[in-house]
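Note sheet for the following structure.
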Amino acid sequence: MGKYILRRLVMMIPVLFGVTFIVFFIMSLTPGDPAAIILGDQASGEALALKRIELGLDKPLLVRYATYMGNLLRGDLGLSYRNQIPVAGQVWDKFPNTAMLAVAGIIVALIIGIPVGILSAKKQYTFMDNSSMVLSLVGVSMPNFWLGLLLSLLFALKLGWLPSQGMGQGFFPLLRSLVLPALTLGTGVAATVVRMTRSSMLEVIRQDYIATARAKGITEKQVTNKHMLKNALIPIVTAVGLQFGHLLGGAMLTETIFSWPGLGRLMVDSITSKDIPMVLGSVIFMAVMFSFVNLLVDILYAFLDPRIKSQYGGPAKRRKGVVA
Amino acid sequence: MKKMLTLLLVLLCSTVLFAGGATESTKSAVTGYKDTITIGQGADVTSFDPHIGKETPAVAVTNHIFDTLVDTDPVTGDIVPQIAEKWEVVSPVSYRFFIRKGLTFHNGEELKADDVKFSLDRAIASASVSYIVDFIKEVKIEDDYTVLVTTKAPYGPTLSNLAVPFAAIVPKDYVSANPDILKTKPIGSGPYKFVSWAQSDNARLEAFDAYYKGAPQTKNLVVKVIPEAAQRTIALETGELDISYDILVSDLKRVKENKNLQLFEAPSLTCFYISFNMRKAPFDNQKVRQAINMAIDRQLLVDTVNSGTGAPADEIIAPAVFGYYSTGVWEYSPAKAKALLAEAGYPNGFECTLWVNNNQTRVEMCQAIQEMLREIGITVKVEVMEFGTFISRSTAGEHDMGYFGWVTSTKDADYTYYSLEHSSQQGAPGNRSFIADAEVDRLVMLGKTSADLAVRVQAYKDLALTLKKIANNAPIIYTAITAGANKKVEGFILDPIGYHRLETVKVSK
Amino acid sequence: MKPSDELLSIEKVTIHYETEDGIVHALNEISLTMKKGETLGLVGETGAGKTTLAKGILRLIPSPPGVIKQGRILFEGTDLLSLNENQMRAIRGNSISMIFQDPMTSLNPVMPVGDQIMEVVEAHTKNASKEEMYQQACDMLEMVGIPADRSHEYPHQFSGGMKQRVIIAIALACNPTLLIADEPTTALDVTIQAQVLDMITALKSRLNTAMLLITHDLGVVAQNCDRVAIMYAGQVIELGTLQDIFKRPQHPYTKGLLGSIPSLTKNVRRLSPIKGLMPDPTDLPPGCAFAPRCQYASDVCTRGVPAIYTLSDTHQVRCVLAEQEVNHE
Amino acid sequence: MNDTIKRPLLRVEHLKKYFHTNKGTLHAVDDVSFSIHKGETLGVVGESGCGKSTLGRTILRLHEPTDGKIFFEDQEVTGLDAHAMKALRRDMQIIFQDPFASLNPRMTVSETIGESLLIQKLFTRKQGVELRKRVTELMDFVGLSAKLVNSYPHELDGGRRQRIGIARVLALDPKFVVCDEPVSALDVSIQAQILNLMQDLQDELGLTYLFITHDLSVVKHLSNNIVVMYLGQMVEMAPSLVLFEKPLHPYTQALLSAIPVPDPDYAVDRVLLQGELTSPINPQPGCRFAKRCPYASEACTKHDIPLKEVAPGHFVACTLV
Amino acid sequence: MKLPVVKKQRTLATETWRRFKKNKLALTGMIVLSSLVLIALSTIVIDLATDNAVYNNYVIKQNLRMRLQGPSKDHIFGLDEFGRDIFMRMIWAVRYSLFMGTIAIALSTIAGGLLGAIAGYYGKVTDNAIMRFMDVLLAIPSMLLATAIVAALGTSLTNVLIAIAISYVPTFARTVRASVLTIKDQEFIEAARAMGASDSRIIFKYILPNSMAPLIVQATLGVAGAILSIAGLSFLGLGIQPPTPEWGSMLSSARAYIREGWHITVIPGLGIMITILALNVMGDGLRDALDPRLKN
């Protein structure tokens, strides 16, 4: 297992290399002069030229990329164009906040998604199935930023229960401030979890071992919890892992709405200000986070599924569920 | 399993809702005032180094940490002493400043003449803010408390420029030891000391008790970053913020009518205008430019898109700026505009683009203008682009029309006229209408180099009239600067540029 | 037959699946009885309704779409169809248990086999500690020939035959009086099939359990059963002892089945199969369901469902041809 | 011997097919040799995992052989390039086990049957009418009602599907057909119908079959010669009647004794085997059956046991004979 | 020999449709979407017929003095922040909101589908190369990728489309690859190979048609995702440009007025919601209909 994890970690390197390559070139090929963005619309031409040299923008693209990668290999993510502060520290500061938000979002998605999915599968094609399906879809059907604003109008302004923005200091304030963004972020993923749970449960319900379990004379609840759920969870875990990417993308919007100091917002700001080192830095962190989550999913998978656990040594075969 | 989940959920909800009910700010027991003011603004500090971070959100914070030689009174607009307790104009090209004795930086070091020289030299060398101080030829230390500033040429707005916060005085020894230190650990001589910065979340400042004007009224300042404008208003309404800068125009009425809140509103030094690219047809035609000017109902824009705040613009500098001369707002007359277009040879109008950067209010303005121009037959395509692209492409002169905003940070007409109208400043420095007119150049230089106020006033008056005729730009609106505050906030004064000072502000409980 | 001998009596049970494609007539007034300790072979081709009958006895028909339309299933004198879900659960795995067809998929892949056996013990045992119950599970494992120390392993660590042994252990853990084995060896290779069948037979006689052995393999029936019931389209069309069915088959379908099997003992150049196909269970032909494929069919056959004719104490057949036979005697 | 008079249609020499898996090298087919004469049927029996299906597919080069040679009408199949192989496919065909998996669910009956003709360019798309006519003929030939031409496989039962599979193969007029458990998935009555059809086709068209199955009674019914495989190796090969009367390899004996005979009066001495078939991953030298063999001795596991011809046409790989 | 005349039997499509229409929820979704398509097509026809007169005079026509007016008899959905008729804008926006998502997803379905099919079919090095590249794209959150691409290419209809399309390619590639892997080993593929069929024939005639089911479902849900992504881009100021009516940008630009009048955000928001709900329930319905195994 350790060897497997190590191999997965090594395999991450080319992926990250590709990520930097793509992002670097997309960002560099864009029209727009970072120097102009840094200095604003009132800077002199001379200052702009100086700034360009300072940023190394006068050198050819490939040279810049090589320099960047060289520094990256030494663990240096460079200086932000915008504020001239090392990227690494800034990204590292924001990273836990986004991770926290994403995890909270996943928890919300699971809390909504799994029970609804089970219910909907067990009552397939009934009114219950349809209505729980539609309800769970409402969350995903609303553009994230709109849902966020509405939630904040309701819970912060009208009811005054929760803070409308920001990240609280201390445990309880933090928890309170986490609720609305996590809800906004999680509902988007909840529908996928519902759908995945439902189809996975329906798949499991048809299995022979469920018939075996029923024939044992154990209660339906035991059948559901001990036999169906654990088996159904396996594809759900994969789906959730892949959803993590969507979640991180959604964080860009949610963090902006709720003034959550995370990577997503940092990234939006850096993209619009063409702060290439910052974009790269945060994308690398996001990609690492995403890859780690998927590695975690694979490991978790092994714990859920003894068939895979015994297979370690070889690459884990993941059942690729239909991912929505 | 399901039961467990439900339990967990209920538990989570209840703790979240009730356990942490108390608000964050700690309260002072002695006076009737809170010891912390929480302020919300739309963007984060880019850099705490005053010679780098020149965006309004940055200055709104660093302004409290650093002082300048002289200051501009936010109400009267007069130049008043700050670090320099007095000054004398030795000649049209040299100014002597006498530094207040006993001033200390937050680290306890005394502020002396070498700090001033160091700071101004540093500002001149800075790519970001150089343009504000590059009129200076040399800063000479005469003794520990006297410096002599000589300019390259006679320069009218010298004092105004030195009052701009980017000309901040920073501690020489502290900065020399580590040139990057100010970015994250700023030390100045201003009323507040830097405490901490959580990037894109908040900055915290603490009162500097040894400030020369006396300790500020409130002990702590927390500046929170809330990018979504609507959320900023909500936070103000829920009491999460004491003061919120830049109220969304559509929220102004709400703030005004809320009995717990007060609205501050003042004319700003910002003018929004459309630049016509005079290098391109049909904008090389004066009649076309005039026609467009006449087709825009500025008052309507102010009343609607801007929710009644601000004022129609007649020039590209605001009325509060030295050198402003009212030439009268362009008459709104689609009929005359059409006639002018016909005269220019475009009876059926033409198609063109209007570029704007991705800022909601600016885009809305452009959309409204787009519609107004459609009425006289000009089909405008509004192209919204990200700021960097917008600036660099318009610098290259690729645009037809561009929607720009310009703040006369020095409150002196030269700052704007030189950059926007002088033929030497085409492209990046600011002249994006690519005007190159001998008479305009002459008047700009006259205003720039004369130290005689009367001469300058006359020069700018002539310039205003000339520019109106040329119509290389279409001034649209002077915006207002706004802030919302809780009713309990006392002593808040709006700064027309947005560099609000909070040392006099206190918030009752 | 003495009533006391009677273990299970299925009386005119009809089960339909009400699907979008129409009503599937899975079982049509089927009747069957079983004695204590005996092994009854239930033979039929795909779609004859064998599995529906097995699941119907345990009331494990998924509903919807399955509906038990009528009939009684008397087990030790109690009508199973009248019990509530709790009472039914007490019977499942306890006095009636079931072995499913595919050992590969019949065990929960994420639960150790020991736990899976213990689960059935737990469901039907009161006043026993976890340890005792686990011990019982291990004993069962030993009984089916698997070392008890493998009880912590997961199904995928066992081969097909071993898995089927585990399933048998589950089925026999509570000493059932009736074991329903639904094609228990179809998925296994012949050599393994022989092992498993031998073991089931041995255990069943040791525990005096009656067995309903469902299969399509006449060979398996001939080697393992006391009596045979041949099913076609949801009905038993012929019932008798091994000798009755294999030596004196009466129903044309039974004869056809026997004629379809390539023989190991005789040399036959050509098989003589039944022509045609099984009828569509949503659209059964009127009268005898086999009539369209039957070479002896006449008008009589399509007029109504033929009655059951008793040829001897043990031999019954549902065919009009038998009428002549009976009259003849 | 016959060999001198007529040459075999298909000759397989020391054929090997290994697969590389995570756990090691799987010797699916390990040194198998035999030949089949025109018009005859060779049965291959063995339990699941013994490599019999792989053998069939390797002969057709659906799997590339690891080692060994295959001759078809004296032409070496193993070395052919893609083009020549495509041409040869007209002569060598395969009928699959699972009539549900072996038909493209998106193609109608006529499309499926016509597909082989189009692929081999026996017809072109333009000859729609002729193609349809040929397809109808073929359907008629295998006993499929003409009204099914536009049906999709999912609408049909297993028997009819298998008839489509047969018609598809017959369309190319092959000389040699690998039958990979063609009737295992079918009910007995249908199975008998298909077996009869296959016999008829062999009689009429002079087809040569390699008949792979686990069902000994079926193989006995059809085959002239039988190969018994165990874990990738041949353990015994004999003419059908000889094998059933006088099985020599302990595995063959056990296999035969395990078959349930549908006759209540038939009693056999069961040779009950212990343990189960595993997969031949990184096999040790020696007899692979030794672990389960009641007669195993030390000699069995020392080195590989070669096939011995104990009687004309009867080969056994066992230390006992 | 006389060729028999036969009636067309039930194809898989009709079979699927028969199952699909039993699901009332999915059917409703489909009806909603069909009406939206009809609306979109009719607005295009109207524009062509009137030379954009309706568009110019009702859809983008501003009336600043009446901005933010609530629903009334003349303007049943009220007026927006420029005093434009929200009802007309909603109607005219359908083509952008729905078709842009559809086109973007169609593009990425084709690209992703082919890549996935090739990767799955050829395996080994090809598979590795393609899938590692997909991993790279997947490791960048799709919204982020789209944002970066639009920021790079500039905001225009086509660029938004391209950005969304690219960001969805890996999802489709993975879906198709997974189903190709399961189909590839089926006997009917071997049967085709045994007949001498070429690789391209096998991919296009055997593998792709059989991997369509998950692809169709994924595409339906993808369109929903794409519409949301476009809205998200609008929120970041990178969506469809004014005055072109598009629900996402309408909602995004109206959000500043969220408290001025309920109609201004709720109506475009509902438009998006209903469309996405419809796409989702239809996607689920299709999934169930295409995969009969999921039925009891």
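In order of appearance the chains are A, B, C, D and E, and numbering begins at 1 in each one.
We take it that a residue touches a chain if its C-beta (ideal position, glycine included) is under 8 Å from a C-beta of that chain, and two chains touch if they have at least 3 such contacts.
None of the values given here were measured: they were computed from a predicted structure.
Chemist: In this assembly, which chains make contact with subunit B and also with subunit E?
Modeler: A
Chemist: Looking at chain pairs A-C and A-E, which one is connected by more C-beta pairs in contact?
Modeler: Pair with the higher count of C-beta contacts: A-E.
Chemist: Quick check: how many Å separate the C-alpha centres of subunit A and subunit E?
Modeler: 22
Chemist: Please work out the Cα centroid separation of subunit B and subunit D, and write it as a whole number of Å.
Modeler: Computed value for the inter-centroid distance: 86 Å.
Chemist: Cα centroid separation between subunit A and subunit B, in whole Å?
Modeler: 37
Chemist: Between subunit D and subunit E, what is the gap in Å from one C-alpha centre to the other?
Modeler: Centres of subunit D and subunit E (C-alpha means) sit 48 Å apart.
Chemist: For subunit C, write out the residues touching at least two other chains, lowest number first.
Modeler: Not one residue of subunit C touches more than one other chain, so the list is empty.
Chemist: Among all residues of subunit D, which ones touch two or more of the remaining chains?
Modeler: Not one residue of subunit D touches more than one other chain, so the list is empty.
Chemist: Could you list which residues of subunit B touch at least two other chains?
Modeler: Residues 230, 358, 386, 389 of subunit B each touch two or more of the other chains.
Chemist: Where on subunit E is subunit B touching in the complex?
Modeler: Result: residues 56, 60-62, 64-65, 67, 81-83, 151, 154-155, 236-238, 241-243, 253, 255-260 of subunit E touch subunit B.
Chemist: Quick check on the complex: what are the subunit A residues that touch subunit B?
Modeler: Going by the criterion above, the answer is residues 30-45, 47-48, 50-51, 54, 82-85, 90, 93-94, 111, 114-115, 118, 149, 152-153, 156-157, 160-173, 175-176, 179, 225, 229, 256-259, 261, 265-266, 269, 271-274.
Chemist: Given the complex with subunit E, which residues does subunit D contribute to the contact?
Modeler: 57, 60, 62, 85-87, 89-90, 93-94, 96-98, 101-108, 115-116, 119-120, 129, 132-133, 136-137, 146-152, 154-155, 165, 168, 172
Chemist: Help me check something: in the complex, which residues belonging to subunit C touch subunit D?
Modeler: 45-46, 159-162, 189-195, 197-198, 216-224, 242-243, 246-247, 256-265, 267-268, 270-275, 277-278
Chemist: What does subunit E use to touch subunit D in their complex?
Modeler: Contact set of subunit E toward subunit D: 1, 3-4, 6-12, 15, 186-188, 190-197, 201, 205-206, 209-210.
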